[in-house]
Amino acid sequence: MELTISRESHFNAAHRLNVEAWTEAENKAYFGLCNNPNYHGHNYKVIVSLTGEVDSVSGYLFDLKILKQIIDEEIELKFDHKNLNLDVEEFKITNPTVENISILIWKLLRNRIDKKYKLKITLYETERNFVEYNGN
Amino acid sequence: MELTISRESHFNAAHRLNVEAWTEAENKAYFGLCNNPNYHGHNYKVIVSLTGEVDSVSGYLFDLKILKQIIDEEIELKFDHKNLNLDVEEFKITNPTVENISILIWKLLRNRIDKKYKLKITLYETERNFVEYNGN
Amino acid sequence: MELTISRESHFNAAHRLNVEAWTEAENKAYFGLCNNPNYHGHNYKVIVSLTGEVDSVSGYLFDLKILKQIIDEEIELKFDHKNLNLDVEEFKITNPTVENISILIWKLLRNRIDKKYKLKITLYETERNFVEYNGN
Amino acid sequence: MELTISRESHFNAAHRLNVEAWTEAENKAYFGLCNNPNYHGHNYKVIVSLTGEVDSVSGYLFDLKILKQIIDEEIELKFDHKNLNLDVEEFKITNPTVENISILIWKLLRNRIDKKYKLKITLYETERNFVEYNGN
Amino acid sequence: MELTISRESHFNAAHRLNVEAWTEAENKAYFGLCNNPNYHGHNYKVIVSLTGEVDSVSGYLFDLKILKQIIDEEIELKFDHKNLNLDVEEFKITNPTVENISILIWKLLRNRIDKKYKLKITLYETERNFVEYNGN
Amino acid sequence: MELTISRESHFNAAHRLNVEAWTEAENKAYFGLCNNPNYHGHNYKVIVSLTGEVDSVSGYLFDLKILKQIIDEEIELKFDHKNLNLDVEEFKITNPTVENISILIWKLLRNRIDKKYKLKITLYETERNFVEYNGN
């Protein structure tokens, strides 16, 4: 019996969308307000979803207390109340779009979650804009 | 790397559920309050989801500013503050159920979004009733 | 010990904003899209709040099962799945703005709720637009 | 044309996570606060999703009035304002985790919904913890 | 300059509405499903609001990190994952209605918050039922 | 007949909490993660509430189309996708706490809204932290 369990978390961060290889004018034209060199920010909402078998004795697919701890260690500590461009190593070379943030979160958690579970990340940048990534 | 990006939008419209080929009594029995000949209405919430490859330079799957513009042109202009039965050509012959509205929205956007992106529509008629359609 | 208890309810209705005494052009200029002669509609959310003393034995300020029944009889039956302009007597002469709808709801419930309770109505026309009325 | 229609419902229940075969200390260590022998409780939110063909005449995939009635009979009556461990036969032997509750809801509704529709359950135990189950 | 700052928190608890002085039949008739002797439960949402002067140097009315800690100590520890009737001393003699829970929360926090701040509690028992209490 | 009408808006901004007159260590101790010199950010939600008389002819208290335009000009243009500390003149000398941001928004709108209307600002920094300010 395969089932999916999800845990929602939040982090508040500053960022700026900018491609190093492009000119200032190109960046401003492409990213608009999101290119502000002084940064802007968001309350990001992240939903971590694990798919796998339910343990027939405990009735747990995955202990959400442990999942919360992994999210705290890998995501909250790294992203919360941070400037994604300046404080997160990976975004010194990669543009911190909502797409790229979700891919990085997936990679960070994939290292910590047993491969017998499928992993999917849903990341809201605002209430109206969000992405989903499952590693495929 | 395939990812899904979504943009939420809203429109407020009146409608009435009614099948021309049925008698007044049949329509009333089948659709109940939704058959009110004077119409009722909803705040519709629509989520447009595109699945595709993330551009390795910009970090964008699809520019949400452009997606918002397409939604404004194709959906807001056509449905917002309208009577779906009277003001929308397609619903003069088709019953504007939440199912049929989602199919029409999918078709309208499919014409505007490059085929390299998969397209899915999620449409909420109320907070508690919603449909999903991906063209299959 | 004075306390306020609130119950949320919903109704879905069509309406049109229009002032009989104005010309068609004046109405269109003033009310814009809301003046569509074919109507549009909303999922209205109404919060009914009663302020009074908590009964020291039961621990109830007002039985919410009874409040729900009063709301069903006075508000749901009258407004849900209706056209406010055509189906609600009071709006044949008054413009069904969110302000005027909240005032009517307040009057309808005031007749049914013992005067020892203060009564306040909060009415959402959309998630982003709402009014509050307490009879003063 | 295959489409998915969903209906959201709610029930408020008490429960306790506990495995009969384990010692008191093992249960407390594994389930933590959720093992409180006096029970705790939740407002559960359940979303029932049916996937199938839209009827070309009515424009309905499934009549939501009927789906609501089935949910009321099978889920609300059985779970709402109940103690899952004491009042629900199936949880006298099975641990009422959110995973196991979703599986039971799926089974109860599968008996009532025509097999031509795929059935999926989404169950929120809190705003931040939820599961999805589709019978596979 | 007087301002109000609010912090939202949550706890999940079981309870039963029952008045010791009444017969079983009276309790069942008055409280209905809420009188289930086996208990039911809720995800309670509590909003703690402090009104006072903003400090002209720090720009803080009250440090929300400290407010969160006080709420954790006084409310979470006492109510979260508890049976209100059995685990909370005050509700062994008082009926744990949403009204009475809000009054108890107010008293517990009033002891911890400097009297120069006005204190108000908003407590949601479900998304649709809630109370407000400010000590008057 | 006095009534209150409200309009919700949003802006996404970066900020840092810091008092110039304090040492780096004092700021870090007092503001914690919020003192990150590289900034962090939020999706701010602002609710603008006007209280006044309903016009007996139009049924409007205040035209929400005009209120939206004023909010766009005074708040969105100034705060959205900005760094509050660097891009907003007033916060070069004042600490951009949620309290101080709400006071500034109130002042900016007070200049634009006729004094016959009472004005109140509700500002959410996160879903769980918010302030209310009405100029008293």
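Observations, loosely collected:
Order of writing sets the labels: A, B, C, D, E and F. Residues in every chain begin at 1.
In this section, a contact is a pair of C-beta atoms (placed from the backbone, for glycine too) under 8 Å apart; a residue touches a chain by one contact, two chains touch by 3 or more.
Treat the numbers as computed from the prediction; the structure is a model and nothing was measured.
Common neighbours of chain D and chain F under the contact rule above are A, E. Looking for a copy of the A-B interface in D-E, A-D or B-C, one arrives at A-D, which has over half of the same contact pairs by residue number.
Look at the contact of chain B with chain C and you find the same residues on each copy: over half of the numbers used there are shared.
On a Cα centroid basis, the chain most remote from chain C in this structure is A. Relative to the C-alpha centre of chain F, the farthest chain centre belongs to D. If you average the Cα atoms of chain A and of chain F, the two centres end up 28 Å apart. The distance from the centre of chain A to the centre of chain C, with each centre set as the mean of the Cα atoms, comes to 41 Å.
Looking at chain F, residues 127 sit in touch with two or more other chains. All chain pairs in contact, by the document's touch criterion: A-B, A-D, A-F, B-C, B-D, C-E, C-F, D-E, E-F. Residues 1-9, 54, 57-61, 63-65 of chain A are the ones touching chain D in the complex. Taken together, the chain A residues at the contact with chain F in this complex read 10, 12-15, 33-34, 36, 38-43, 80-83, 86-87, 126-127. On the side of chain A, the complex with chain B involves touching residues 17, 19, 21, 30, 32, 94-100, 102-103, 127-133, 136.
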